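The same subunit A turns up in both complexes below, where it pairs with subunit B and then with subunit C.
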Partner chain A sequence: MTAMLRIYQRLWQVNWAEQWQYRANLLMYLLYWMVSPIVYLAVWTAVANSQGSVGGLTANDFATYYLTLLLVDVLTSEITIHILGYKVQEGSLSVDLLKPMHPVLTSTLVYNLAFKALTLLVLVPVWVVLALLVQPDFSAVTLGNLLLAVPAVMLGFGISFVLGATVTCLAFWTTRIYSISEFYWALAVLFSGQFVPLELMPGALRPIAEALPFQLLKYFPIQLILGRAAPETILPNFMLGMAWLVAGLAVFLVVWKAGVKRYSAVGA
Partner chain B sequence: MPEREGGLGAAVRSFFKRKYTNVEAVKNVTFNIAQGEVVGFLGPNGAGKTTTLKMLSGLLHPTAGRADVLGYTPWERKNDFLRAMTLVMGQRNRLSWDIPAADSFLLNQAVYRLSNDDYQRTLAELDDLLELAPIMRKPVRNLSLGERMKCELAAGLLHRPKVLFLDEPTIGLDLTAQARIRGFLREYNRRTGATILLTSHYMADVVALCERVIIIHHGQLKYDGSLTGLTRRIAPVKLIGLALLNGAANGLERYGTVVPNESSDGKLFVQVPAGEVAAVTARMLSDLPVQDLTIEDPPIETVIERAFNE
Partner chain C sequence: MHTLRLLGTLVKINLQQDLAYRADAVVNILVNLMWLGWELLSLNILFSNTTSLGGWGLGEVVALLGVFRLVNTLMMSLIWPNTEKFNRGVREGTLDYTLLQPVNSLFLISFTRIILWRVWDLALAVTLIVWGVAASGGGATPASLFAFVLLVGSGAAVIYSLWIVMMAITFWLVKFDNNVTILQALLDAGRYPATVYPPWLRAVVTFIVPVAVATTVPLQALRGDLNAWQVLLFLGVGLGSVLVARRVWRAGVKKYSGASS
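What follows is the complex of A and B.
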């Protein structure tokens, strides 16, 4: 156990040091991350302002929702495909496979976390400026809400990590991994509550969105933070999240094993 | 592996129907290596050398056959096996590009579960052999090729592996750097008793390090034995080098095959069957105004090339 902790600690040091080198890269990601929530925020608040409300949501509801989404999105998202996809394709995964540790559950995981920490460091000041400009009313946020959101955010990241890693594993079978990943991202945007808060989804789509894991990455933690989650939905959502995490991890481990076997069959 | 003809039509056809051919990269290659041996693994490009090394280090899963390294089946990739061996590829980085090698070394300490004492001791030893101190604190991308290779070797050896697979460890290095890496490997083998299997296109590496060579070509074993034995088998000839007083070179053909001399020392070389060296030499000494005479083996490059083409 201590040995594993030391591996994670050293990985953190290496990744943290390494990622400070990629300033331009970081800024690009940050812009990418901010553009869509800000566009949705602008559009939805404009619509709500002109009509008084949309489906019961006021302009302030949209502003708080999307500003919270900006932070939750960074906390729960992952960039595994950008860390691992090319390694599988160009063969540099071999170097990782020679080490006595699982490359994804150690170094890729820590890379994600270090990247997250660095992104937040830059995002938070920008977020404060945005909040001052939009001036939303966050009075519904309580300490209890925030504490409840902590495990939800961690669970959300866990789920998105195993799903992202599984999608990345498809690189073992196809060289067109990035188009598959785009499709996955489109599903995530649609069903996570990024494109539109779940309560505004058309009737038939909403139960699907609620059962899928994507809402647990954004919508559910945001609702918890803003104190809008209906009390009877909280426990079922946590249980749903645990189920997705366990199932996702199991599927990932199976796909990874098959993928590495294939990789080692076609020429590592 | 996929293949197709060139041209637009073939590109479109390959979209609908891919054509694959099976290539046997390595076939029926069998050998045993004892602990502490340093073995050169030779063959022209595409012979199957790297494929074999990758199988032995667990990166490739063969379709058939068996391999046993330190009691493990490599492609099961057990952690204990991975901790006991190393594969260093001259053309592939294992160090992080943007940070100093020293940081990667510390990561390896954790990954290979080395105690602080063991780590410090091995690092000091590697520093002694490779002179790492001045280079290990610079970002790897700022190092020269030779400096980088030193750090790559150190990263691959910090956990004191019992078995070293080295794929072109001196590729692209200048002569001094090549010699230094060679000296290091010899010393490492002497100090630790590690077993080394190395591929190289530089015969100097092989001559300096390996008493035994294994040659493969088209994925098949061609030769397994000592370097000197290879010379005897493939090219049982000797080169008689002559420096003549008046420089007269006419009529040397009657002693054997005259071999062109690429250096400018004015020496003349005659190749004769190994069994006739004594007799031919005696004749030369009595017939010719000999100033100096040497008897040499043919260059190893020539021998190996002949072995490949056999």
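What follows is the complex of A and C.
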């Protein structure tokens, strides 16, 4: 156990030092991340302002929603495809496979976490400036809400990590992995609440969105933080999240094992 | 004439390259169709909750989406592939061979790599524009349509010029290899009319990274929001930016000393 912890600790030091060099580049990538929530914030706020409210949501509800989204998005997202995808394609994964540990559950995981920490470091000052510009009213956020959101955010990251890793594993079978991940990404954007709070989704799509895991990555934690989650939905959502996490992990382990077998069979 | 013949040859070479990856083209067309479905669905969600966005109707926003996709096609078929080639050239020194050719270097840098199957995106974008304009209720006059077409062209020229300037900056700062990332990042703001944005965001997408000049402004001309002087002003901006970009490019080439020296 302590040996495993030491491995994670060392991986963290290596990954942090490696990524620290690229902090200037990070600012550019952060722009990618931020523009679309800011655009939707502006669009929905304009609509809400012009007619008082949209489906019961006021302009301030939209402002707080998208500003919280900016933070939750970074906390629960993952970049596994960019870490692992090319390694599978170019064959440099072989080096990782030689190490006596699961490469995805150790070094890829820590890479994700280090990237997240660094991104937050750059994001927080930008976020503060943005909040000063938009001037949202966050008075509905309580300490209890925030504490409740901590496990939800961790669960959300866990789910997104195993799902992203599973999608990346498809690189063992196809070279068009980036197109597949674009499909996956579009699904996530639509059903996670990134474009629009789920209560504004058309009636037919809402039950689908609520059953899929994507809402647990963004919509659910945001609702918890803002104190808008209906009390009777909180426990079922945590259970749904646990189910997706366990199922996702199981599928990932199976796909990974089959993929690695195939990878060595190709002779890469 | 010579330039046209050269362009024809470049197109032929690129066609041969793209034909080698037919399956890639098909997959990419499918992904693109999916994004279109996504965009139309999100507009549907938006307009099922409201009847207008900053005074713009659904048809006008669909036409705007078409113009946005035109600019996006410019990014995807020309700007990204040529930038990649250019950045590699600066890093590894192969740019020397390009500069030594007895042709205008700016022309060669901008049009060497063209991803031709993106023509299909262009058709899709034009369809969206025509459909959107028709659905917006025939407020367009021949004059406003003419201004719209001219402004789409001049907007594209503004984006092109910004790209050239960003690449020229690489001559001074060699490590500046995400030179077009900022352009792509802010492009997303072109999907919606800039008039609904708060003033600070509108200022960013109008003056700093002028995405709105290429997307919102042509549509404003079509809606009849701009008077003749404003149309002329924006056409002037398009022409002026190309002239500035050419100057910056020449100064950059003078500064360039190769990767090895």
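Quick note on the criterion: the second predicted complex is superposed on the first by the 266 of 268 C-alpha atoms of A that agree within 3 Å, B and C clash if a C-alpha of one lies under 4 Å from a C-alpha of the other, contacts with A are read in each partner's own complex, and residues count from 1 in each chain.
Basically, a residue touches a chain if its C-beta (ideal position, glycine included) is under 8 Å from a C-beta of that chain, and two chains touch if they have at least 3 such contacts.
Please read all numbers here as calculations on a predicted model, not as lab measurements.
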Inquiry  = In the overlaid three-chain picture, which partner chain does A:189 touch, first (subunit B) or second (subunit C), both, or neither?
reply    = second
Classify the contacts of A:99 with the two partner chains as first (subunit B alone), second (subunit C alone), both, or neither. first
On the A-aligned overlay, A:3 touches which partner chain: subunit B = first, subunit C = second, or both, or neither? first
First (subunit B), second (subunit C), both or neither: which does A:257 touch?
neither
What is the contact status of A:23 with respect to subunit B (first) and subunit C (second): first, second, both, or neither? neither
In subunit A, both subunit B and subunit C touch residues none
Within their complex, subunit A touches subunit B through residues 3, 6-7, 9-11, 13-14, 17-18, 21-22, 92, 94-95, 97-101, 261, 264-265, 267-268
Subunit A partner, complex, touching residues on subunit C are 23-24, 27-28, 30-31, 34-35, 38, 41-42, 44-46, 48-50, 52-54, 178, 181-182, 184-186, 188-189, 191-192, 196-198, 200-201
Counting only contacts in the complex, subunit A reaches subunit C at residues 25, 28-29, 31-32, 35-36, 38-39, 42-43, 46-47, 50-51, 54-55, 133-134, 176, 179, 182-183, 186, 189-190, 195-196, 200-202
Per the touch rule, the subunit B residues reaching subunit A in their complex are 51, 54, 57-61, 63, 75, 77, 79-80, 82-83, 86-87, 92-94, 96, 98-99, 103-104, 106-107, 109-113
